[in-house]
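Listed after this line are the structures, all set down as structure tokens.
Next come two complexes built around subunit A: one with subunit B, the other with subunit C.
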Partner chain A sequence: MAQAPAAAKPAKKGRRSEFSGMSRALVRRETISAYLFLLPSLIFFVGFVLVPMGICVVYSFLDMGINTSGTTFAGFQNYIEMAGDKVFWQSLRNTVVIVVVAVPAVTAFSLWVGSAIYPMHAAWRSFFRCVFYLPVVTGTVAVTVVWKWIFNPFTGLLNKILHTGTLDWLGNEKTAIWCIILILFTTSIGQPIVLYVAALGNVDKSLIEAAQVDGATKLQVFWKIKWPQIMPTTLYVLVITTINSFQCFALIQLLTSGGPNGSTSTLMYYIFDVAYKYQRFGYANAMGVILALIIAAFSALQFKAAKTGNE
Partner chain B sequence: MKKFLALLLSMSMVFALAACGGGSTETPAPEGSAPADGGSGDAEVTRITLWTYPIGQWGGTDPQLDTIIAAFNEAHPEIEVSYELLDYTNGDTQVTSAIAASNTPDIIMEGPERLVSNWGANGLMVDLSDLWADTESDIAATSQAVVSACMGADGNYYEYPLCMTTHCMAINYEVFEQAGALQYIDEETRTWTTDGFVAAMEAVAASGLVSTPAIVYCGGQGGDQGTRALVNNLYSGTYTNADHTAYTANSPENVEALTLLQTLVNDGTISASASFQASDELQAFANQTCAVTFAWNASNKAAYASQAAFTPFAMAFPSDDGVPELCGGIWGFGIFDNGDAAKIEAAKTFIQFVCDDAVQGPESVRLTGFFPVRSSFGDVYAGTDQAEQMSEFQSLMPYLGDYYNVTGGWTEQRTEWFNMLQRILISGGDPQTEADAFVEASNANI
Partner chain C sequence: MDHTLSSGRSTGYKVFVIVILVLLAIFFIFPLYWIITGSFKTAADINAQVPQWFPLEPTLDNYTRLFARPAVRWLLNTVVIAVAAMFLTCLTASLAGYALAKKRFYGRKLLFTLLVCAMALPKQVIVIPLLQEMSNIPFYDFNYGEWATMHDTLLAVILPTVGWPFGVFLMKQFSETIPTEILEAARVDGAGEIRTFATIVFPMIKPGVGALAIFTFVNTWNDYFLQLIMLTSEESWTISLGIARLQGEMASDFGLIMAGASLAAIPIVAIFLLFQKYFTQGITMGAVKG
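Take a look at the complex of A and B:
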């Protein structure tokens, strides 16, 4: 009869972990150490993320202005007001347009550029990565100053090139939001391109070679071999770009202030306006809660879609 | 050893966190500060903070706060003043954040629309009636409107004023001369009629000397006084009623003015832009893209004149009867009620010194680039190198109209005003309908 190995012997009850085989005391000590290492991050996470989120939810049920002594409980009044607030719905519509247009455009363009520059010589690859990353590291104010000059109706470069007279690109309800999306696009593609180039470098080359030997076309190699392997990067790019697009604020504030006639107002900008210009903190927090829920829903959908795609 | 290292690492992280988040009763690190001289002990020094918007050299690109505080400390070494410079883009956000965090400065320098109508009305400011006791008649002698503007609805004074000015417009003198448009202005009184304004705009447009004679800026929040004054003056309309309890921008006179502007924009005589803010229009004026600016005053002249290769000629806004009513600007100090009697007293001492001191008072006014609200100061620019420049703005002071900026819902109506201009001048909305919508929305916020 074969003798069972010593390691397979059941540990004495209450003395040893049934998984690691370590003594319970040792496991406890290691667990405490692990939590101690996590503690600083946890404190920051709780203090700067969870607690503010909780405060935001609580404040959303208050009628609260800068004179905090006059704060009263408003119940769902802020949420009811939101339902009938035309500016809120206009801002939400604009935000969704920005997300729906910008996110796929940024992802597809970044993937295309990443795929195009990946096979290049290292020097050229670095050059293009720098070129596309430049708008990311350039300050938003500097970027908007340049774009404002380009879009200037009287002296701007765009009207000179297109011979469009004095068309007010940022002052026209039909064109303003597309100008914002264009600028957002240029400032958003840098990081995804760098990520895609890195992700393509991690694709298993033996699989590609095997597919090529089997007669796969370039398109088949991309969709059947590369695409599944860079899916985690795609998911990250989608989620981050979605969140950034939802939170588009600085460009709006610096370029259009939400105008003309609210045609470029986003939820984030409207929340800021309500909180800091009109000093209605309760109402602004209620909108913040709704924005957070929308972003969470979009992100969950993306995770779900990416997971389904992987299967 | 491993346990010891783990504990050491954890403790260092916790201590670092505690150091980051630790509370302090000291004033936060200021942008600038001038410590009190005299070597007195720390316990005897009262520390106060001053936040100031860019009002001439009380902020801006060449602030002189250190000089002012040094002069103050010669007389009051027991008070240490630190300061922070705000701008009109983010200043309100910083102040609102400070209010929300109960971390407001002791003193703040701005106008009655913020100090009185907003923060004062919300019970955040200290009543400064005791400072006014000796100076009210002196200030009233210059303008009773200043006295009224600094007083809240509850009868308390929440602002102690230092200076004032009239907001006006300016023309490119050389362009007007070459276009033959000088005939439509009265150079001596710096006034013109509505008909003269229209004729001048047509003459400048026909000359082709600039891209467009004028740009009615409809974007942003600042510089609204320019477009308000333009609309109100064209047919002698009013912005609010006499007791500042309702907006009246939908009156027949104002609607007629809005209709005229819409016609001028539609036929291409002048332009309107929703992407242009006042600063953009001023820059376009300095670049000679347009021939007039609606956002002129002494401070803007100081900021933009050096860029202009022409003569900016200050003018009153055109009116049907040739008698303009200009919007005024008043700037002064308010004290946030932080509940510390010693700091409030020190803040009052500082304010009195910079506003009322026989030597520092006029110098404080000169640093703003505006005019004194105290009649006893007389002409503070006489004998200085600013005298000639300031004389043209001094000549516009008699046209100072009603100071209605203290009307309730002021912040909200500014947004509504620009939105209304956009709907009328950009989208072609009906002036009466849009003005009615503006008044309804603005009055709802009073």
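Take a look at the complex of A and C:
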């Protein structure tokens, strides 16, 4: 703190040093005023994001529940229990299935829709953007209850139009998870489409024109020019869709409650179940830690893949 | 020759794209259509063997039964939560975003990294420990005139929503566009920090605040998981929780459930359509990496 770090690492955008051209007194004054500006926000961030994160990690080493008397230190007991918990593994497998199917589908489809509506007249572009965003805005609960009705074996629309009698789409181990992925898909593509339309608008037009003059086909223009330039957006879409898909909860709770036979239970649903039904907060938080680590690993993997893909 | 051939093929492709897009648009609008029309259908229409595409004998019976429950209260709670979260988020985030973008101070990079890392974490995972935290924060209950905890109060939903760093991140992106020269000129002229913020910075980041406001409002309105964990008694439920419980209790009374879903969806869809320009801007700016 005593010395202004004049030789700080070179920052981006050509800024030579973070504090270049500033006197020490000015830096100090700026630091104080900056933290005053940050204070209200930091109170909320620390109080309701960082503290619960800390609680999550600490509680994951505690044994607490209705069956245990009081709270005791459990060491890695919760984590060891997880390794042998069949429901945990089944929920993890279902979650991974949902992520592995939904994330590429959402990304590819939103890229296609984005490219298809980007060249349109502004009014149409904004119309389609709104339409695909509609299920997000309508709200998970409202969307989920209407789908539950559509899938209902007796009064649902699906059986009526397909003439499939009283097929129980959500009560069947084979179909239930696909119904959930379908609904998750419709509530996930709105944001990526908006992002892709914006990203395509930022692609360097002179490069596209130059390529067209050289006789490049549309497909070549897309893969050689647009694709590398929208790569940061693709990465962002992958990461947010992965995070959201890993946390799939409301659909499960409202449609199937994890059934039939745990075939649609996700990690987030199981965490909720353990915390709520059995009040086992220690175990629930241990699974929360693992879920966070898995998501972090997936995000890191995507960053790495995107980097090597760009080289 | 080659040129006409390729343009001919691309016309065919264009027609194909439009047909697919229109079909998809119908598919995406349909759930909302089915919610609203369903809410006006009689039990006979709902149970009919042939799909009733439109309520031929529209009835308000579903709404009468919905409002026999505290649905207005649920809607009011939802509005209170969304409006309070919106105001607090916009206020704290615009101050913090400006400081992160335009001030040079010790710990800036560390703080920014911390915010970005927090955003990459699963939001719902911290809701379970938040429950314990809220159950330990004392709070005076005016309805019963006694001390209780913050759990099961609307604040338990509002405060964590404000804490989520996305707003700060978004406002930082918007604040970066403020020319530093203007801020320096204000300082030379002797304007204090608060005056600079109120008269120069805030007017310049107003579109960003608008984007953040609508974004926070819509997301808070629909944040089911946090509401589910925090709000347990019927009088503090939101409309989302209300419908979820209706579905749990009256699983086959789809008319009633659709009336509840309409009550939840129509206001928020209307607000979205009114402010969608800001909304798009919010999503796009939030994605640009800094």
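Throughout what follows, the second predicted complex is superposed on the first by the 276 of 311 C-alpha atoms of A that agree within 3 Å, B and C clash if a C-alpha of one lies under 4 Å from a C-alpha of the other, contacts with A are read in each partner's own complex, and residues count from 1 in each chain.
By our rule, contacts are C-beta pairs under 8 Å (C-beta built on N, C-alpha and C of every residue); 3 or more make two chains touch, one makes a residue touch a chain.
Note that this is a predicted model, so its numbers are computed, not measured.
**Student:** Put subunit B and subunit C onto subunit A via the superposition and say whether they clash or fit.
**Tutor:** clash
**Student:** State whether A:P260 touches subunit B only (first), subunit C only (second), both chains, or neither.
**Tutor:** Once the two structures are laid over each other on A, A:P260 reaches subunit B alone.
**Student:** Is A:L170 in contact with subunit B, with subunit C, with both, or with neither (first, second, both, neither)?
**Tutor:** First partner only.
**Student:** Return first, second, both or neither, reflecting whether A:L200 touches subunit B, subunit C, both chains, or no partner chain.
**Tutor:** Touch status of A:L200: no partner.
**Student:** Name the contact category of A:A292: first (subunit B only), second (subunit C only), both, or neither.
**Tutor:** A:A292: touches subunit C, not subunit B.
**Student:** Which touches a greater number of subunit A residues, subunit B or subunit C?
**Tutor:** C
**Student:** Output check: A:V49 vs subunit B and subunit C. Expected answer is one of first, second, both, neither. What do you get?
**Tutor:** second
**Student:** Touch test for A:F281: subunit B only (first), subunit C only (second), both, or neither?
**Tutor:** Touch partners of A:F281: subunit B and subunit C.
**Student:** Could you look at A:P153 and tell me whether it touches subunit B, subunit C, both or neither (first, second, both, neither)?
**Tutor:** first
**Student:** On subunit A, which stretch or stretches are contacted by subunit B in one complex as well as by subunit C in the other?
**Tutor:** On subunit A, the residues that contact subunit B in one structure and subunit C in the other are 33, 36-37, 40, 44, 47, 148, 154-155, 275, 281.
**Student:** Would you mind writing out the residues of subunit C in touch with subunit A in their complex?
**Tutor:** On the subunit C side, the touching residues are 6, 10, 17, 21, 24-25, 27-29, 31-32, 34-35, 38, 46-47, 49-51, 88, 91-93, 95-96, 98-100, 103-109, 111, 115, 118, 120-133, 159-160, 162-165, 168, 193, 197, 218, 221-222, 224-225, 228, 240, 243-244, 247, 252, 254, 257-258, 260-262, 264-265, 268-269, 272-273, 276, 279-280, 283-284, 287, 289.
**Student:** Please name which positions on subunit A make contact with subunit B in the complex.
**Tutor:** 29, 33, 36-37, 39-40, 43-44, 47, 65-69, 148, 151, 153-155, 166, 168-173, 176, 255-257, 259-262, 273, 275-279, 281
**Student:** Contact residues on subunit B for subunit A in the complex?
**Tutor:** Residue positions touching the partner: 3, 6-7, 9-10, 13-14, 16-17, 21, 92-93, 96-97, 99-100, 118-119, 122-124, 211-212, 215, 218-221, 271, 273-277, 280, 284, 287, 289-290, 411-412, 415, 418-419, 422-423, 426-427.
**Student:** Going by the contact rule set out above, which residues of subunit A touch subunit C in the complex?
**Tutor:** Against subunit C, subunit A makes touches at 1, 18-19, 22, 27, 30-31, 33-38, 40-42, 44-45, 47-53, 55-56, 59, 113, 116-117, 126, 128-143, 145-150, 152, 154-155, 157, 160-161, 186, 191, 194-195, 198, 217-218, 232-233, 236, 239, 243, 246-247, 249-250, 253-254, 268, 271-272, 275, 281, 284-285, 288-289, 291-292, 295-296, 299.
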